[in-house]
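After this come two complexes, each holding chain A, first together with chain B and then together with chain C.
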Partner chain A sequence: MSRPVLNILRLCRLPIYTQLHLEEALLRATKDNWLIINDGAFNPAIVVGISGRPPELVQCDEAVRYGIQAIRRFTGGGTVVIDHDTLFSTLIMQGSSLPQVDCFPQPIMAWTEQLYRPAFAAAGCPDFALRENDYIVAGGRKVGGNAQAITGRRWVHHTSFLWDFDPERMGLLRQPAKAPQYRQGRDHLDFVTRLRDVLPTRGARQRLVEGIVSSAAALGFDLQERTLADAAPALRHPQLLLGTKLLDLRTFVAPDGDGPQRRTT
Partner chain B sequence: MNLLKCRSGLRALSQLCHSSALSASAKSKLLLAGVPEVQLQESFALRGFAQLVSFPLAQTGEGISECELVAWAVKPGDVVGPFDKLCDVQSDKAAIEITSRYGGVVTALHHHVGAMVKVGAPLVDIEVADDVQVAPEHLKAAAEAVATPPVAAVAPAAALAAAAALDLSPKACGGAFGANSSSGTPPSTATVTATKIAVQVTSAPAAAAAMAAALAPTPPVRPDTPPPPPPPTEEGGRPQASPAVRAFAKQNGVVLAAVLGTGPGGRITRGDVVQYLEQRQRREAAEAAAEGEEDEDEEGEGQVVLQARHFLGPAGGGGGGGGALQQQQQQRPGRGRSAEDVLSAYKRLSAAEAVRGGGGGGGEGESRVVPLRGYRRAMVGAMTAAAALPTFHLHDEVAMDRLLAAREVMRGALEPGRQRTAMGGPAAAGAAAASAALGGGGLRLTVLPLIIKALSAALSLHPHLNASLAASGTDLLLHPHHNIGVAMATPTGLVVPNIKQVERKSVAAVAAELALLQQLAAAGRLPAEALRGGSITISNIGTIGGTYATPLVSPPEVAIVALGRMQLMPRYPHMNHSPTAAAAAAAAGPAHRGLPSANSSFGGFGGTGSGRGGWNESSAAAASAAPVPVSVMPVSWGADHRVVDGAALAAFNNCWREFLEQPERLLLHLA
Partner chain C sequence: MALRVFGSGVLGRLGLQAQVMQAAAATATLAYSTVSQGYKYAASHEWASVEGNTATIGISDHAQEQLGDVVYVELPDVGKVVKQGETFGVVESVKAASDVYSPVSGEVVEVNQALVDKPGTVNTSPFEEGWIIKVKMSNKGELQSLLDADAYAAKCEKH
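Entry: the complex of A and B
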């Protein structure tokens, strides 16, 4: 009945490219469990999933004109645009640490609901729930983007919570072809919500971060606070089949400057 | 592997090649299939490769009916082992790595990158060895027959032997001719083979000639063989291998560039290095060992069974020596070997052990890294601190019979079902409260709460042991509360939560709190305040085992007691000097035998105050008495000698022991 160890890494304003690199290294090169919380990325970026095709997901020419960084991450899922107002929470887990959770997408996601719901409650939002692979709050509004990678008996599940977002940057994304049912044809701004509107009290952002950590402790882990120095050695491990890559959106822009047929978001 | 042993098989093969009874593609598959080290290391009953598996996309979770294929990790012709990565797929938000269940050769990929693959649809075709267990639903419906019936018995055996032989050659030539030997054309490989074999088998020219003759015809019938994977190089010209394999190679003095890689993408696996080592060892042994008869011990007609032991050279035997016969012949001249012989035999033994250790496919032989976390890590620091203070020890034994009897009485009061309905009023209420405190009944009262309460009673009389040395080093802080720590072994390490203010608590309350702490410790959920503020520690190591110990005091406490395993031991009863007391002792029930009577003072032969009799009388009386069984619990004290001296500790121990051996004394301390 030993308690599995969960290494806690609290970060702030780490560039998302660095964070994704680190996460992939920790997933592939170590056998430890990690909870990484990055309170805000350093610079804005568009992050597409492992199999995302940028022309379908991003207004490439506008993004190139805007000058925003584009990254392909090593996990599945859709496209997000992130910045200093995005709260990142990542779980890297060895399957044997959670024997009651099968190493498949749905069971993992269902388990993460148990982690985030108390955290949101502690920060002031009592109706956090999981619906169709998304985290939602009152009114069926999406509060975070999720993605996973599963290799053997080890998985990563990371979430980007939009504390706030810039509508102009959000407009650089296209509407994905597949929408969850509960979206019900809603406009994007009616479909996602800013966390700052959901948790309006002062200090709620910090309380949410603390809440996630406490929630992990309550789920039966032995928490160990770590620093970047503890995590970084994983990056030195050779032969990490890296899915994290920088994208050059210019390669997806038609030579005459006109992007592919645009769809209103 | 003994090439010579396959001579008969190879002869058969050469005949078959001429008859072209085997299809070209079948031969190519056989030859390729000889490559994976996984199969070579296992013992083989050769039946050939006959199974084609269509490996499907497995269920990736409920509700997921299809996945997008993101990237392939293999291509046709690649050799995969079980659990090797085949591809990455994506289902909605999850990127999932799909690994192979079977080991074999990939023959076909069913989807291109970007395709949507339905769960259960075939993903890849893999050709696996016949003796691999394959789930029936995975077998491809129209299996390509590898060997037609007439040649079933002989050909597969021979073919695989040939495959093994030829497999050996690229590696052998890899060793001798460097990384670029296989430029890709089979004929050059075969040519190199023949040369190499000629070099290797110095003592059996006839066999070598036969082998070369047998091998010569094969190239023409393998025109479509994809070349064996060339030793892989990265841009820097460095062979591709994992750090563990590199370390293993370095340990054994193997240059990676000389090893042929059979892993995915031509990576060098540990087995490849092992293979290289085997050959090198055999080469050295063949050169060093005396000539042995090449006994062709054919086991059965037309069936050459290659066992793993043929590949792993026996310690004293010659290179590739097949079977015991050769071994014996090698060792016959063994008596009276020179020191050099002995030395080279030892070297072969070490090499064989290294090979065997690797061939088992098990551990690396390196130390396993276990990070120290949580309580274990804390113990490193705590014990380093504890070792800094001067600890001395005192050992004693306690007769526990009366305490055990008292416990039975208490249990009768506390446990449900044993509670007498006749009890009424405050007694029943108290007992009910106590049993409720013990988790609603069903919790057995152990002897530890009694020991803890007795310790507290003793501390009330000896407060200097419930103390700490002040930081100044010149003052002693006497703590008012007896926060008695109880050491507990949890799977994550040693923890010592303490029961607060035992001086104020009843035995039942102590038992209840102890049970709670034990459950929390086992679950790893001890709150910090339970671990803080202890003033003395008990370690009941006896429940695990051991008698006497030398426990280390944990600062800032000054004392610790370890309780060893209670055992029934024969002890002579303490005789009172007066015969009447002796008679009384003898007449008393078994529970009271062997214990100091109420009149005796501390330890040993403590006098009764009666002047009558003397040494001789009591010993005479003792001599006539028989030993009686006593439940003896050994106790070991540790104390900080800066604060506690031997006399003080001994006095304290006696006081505590009296409470344990005469529990009725505790009644005097009922507050």
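Entry: the complex of A and C
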């Protein structure tokens, strides 16, 4: 029986808005499997999920003053702040390529743990695990955000791993109304951790990327290296409706006499 | 299925067999989900309940259970034309936005606005208060291509 093909797309500093458009196009306009790794976003951004309400999730007036881009993505889940120190890993799958994985959120999430745990171990972190719906290390500290979109027998599961983050930008987010039980009331900076602190050895970031790719091969895929030129035609598919949109946070800020001062990033 | 047979045997000896068979006939049985009789089902886990030329549409108990807590339902506009097998909206559960597909073609004549404030109704009452849209059907013949309760239950049990 032939192994299903997994197209590997390695990117660096692709803007997150472009990345999300590309992911959604590949999900909806192709029947191919993709592993996309974008090592860092081109510029910082706040990214909310499909139903996220910015006033509840973002310090909108501060974010407007900061001048940070805001985006609504096509997948579920919560709000993240991303930048050049965020490592993005995206899986786009045809269900028939993983017949043992039901196309529902929990089975997909559980399968991704099988992909990422060996990759983290290879990079020097043996205690990576899935807890509730988050990836954790060091006994209970979150290392990134996950979200999914499922359309029939195809799905996307994308993750933003926090290699590093800026606490000031992280402070632009409000604490969500619902938190996982394992958070146990911890402050945000006690709840999340930087991967650079967990994988401190030289070259670990690159080893993690290579570990993710190797782990996919070990799970039974036939890997094919691709380029952006191979993936981009999906964006030109006719009748493609994309759910990722730019958000203008100014519409959520109460007007005052002076207006918010924009700061360039 | 095995539990239903066991239960009816025991209760039959107690003279309650007729009542059990009547109750059992109202539902087919998955391991833990309910599949209600009298509905038609799409393989993509939506159900249709038909009255005249109007189909009320929602997602199955199996689907809501697998999705988890529903936190948002994206409803189409009234007047939207839907086609059988094409997406008409999105149901968001924790982390996941899942497309929902219309089991029939036609025009959306009503949407369940109650789901805007209480999306979890899809979980608590998937076949009744958790309905999502109502469609004035353009081709009732499409109902023949949908699954009845037993066929849908059998399909789900294969997975």
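As a convention for this text, the second predicted complex is superposed on the first by the 256 of 265 C-alpha atoms of A that agree within 3 Å, B and C clash if a C-alpha of one lies under 4 Å from a C-alpha of the other, contacts with A are read in each partner's own complex, and residues count from 1 in each chain.
Please note the rule applied: a contact is a pair of C-beta atoms (placed from the backbone, for glycine too) under 8 Å apart; a residue touches a chain by one contact, two chains touch by 3 or more.
Please read all numbers here as calculations on a predicted model, not as lab measurements.
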{"item": "Combined model on chain A where chain B meets chain C, clash or fit", "value": "clash"}
{"item": "Contacts of A:48 with chain B and chain C, given as first, second, both or neither", "value": "neither"}
{"item": "Which of chain B and chain C A:231 touches, first, second, both or neither", "value": "neither"}
{"item": "First, second, both or neither for A:87, with chain B first and chain C second", "value": "neither"}
{"item": "Partner chain(s) touched by A:2 [first = chain B, second = chain C, both, neither]", "value": "first"}
{"item": "Contacts of A:151 with chain B and chain C, given as first, second, both or neither", "value": "both"}
{"item": "Which partner reaches more residues of chain A (counting touched residues only), chain B or chain C", "value": "B"}
{"item": "Touching partner for A:222 - first (chain B), second (chain C), both, neither", "value": "first"}
{"item": "Clash-bearing segment of chain C relative to chain B, given 7-15, 25-33 or 61-69", "value": "61-69"}
{"item": "Residues of chain A at both interfaces, chain B in one complex, chain C in the other", "value": "49-51, 74-77, 102, 104-106, 108-109, 133, 146-152"}
{"item": "For the chain A and chain C complex, residues of the former touching the latter", "value": "49-51, 74-77, 102, 104-106, 108-109, 133, 146-152"}
{"item": "Chain B residues touching chain A - in the complex, by the definition given at the top", "value": "59-64, 68, 70, 83, 88, 90-97, 99, 114, 242-243, 373-374, 490-492, 522-525"}
{"item": "Complex contacts: residues of chain A adjacent to chain B", "value": "1-3, 5, 49-51, 74-78, 102, 104-109, 133, 146-152, 220, 222, 224, 238-239, 243"}
{"item": "Residue ranges of chain C touching chain A (in the complex, touch as defined)", "value": "44, 66-68, 71-72, 74, 87, 90, 92-99, 101, 159"}
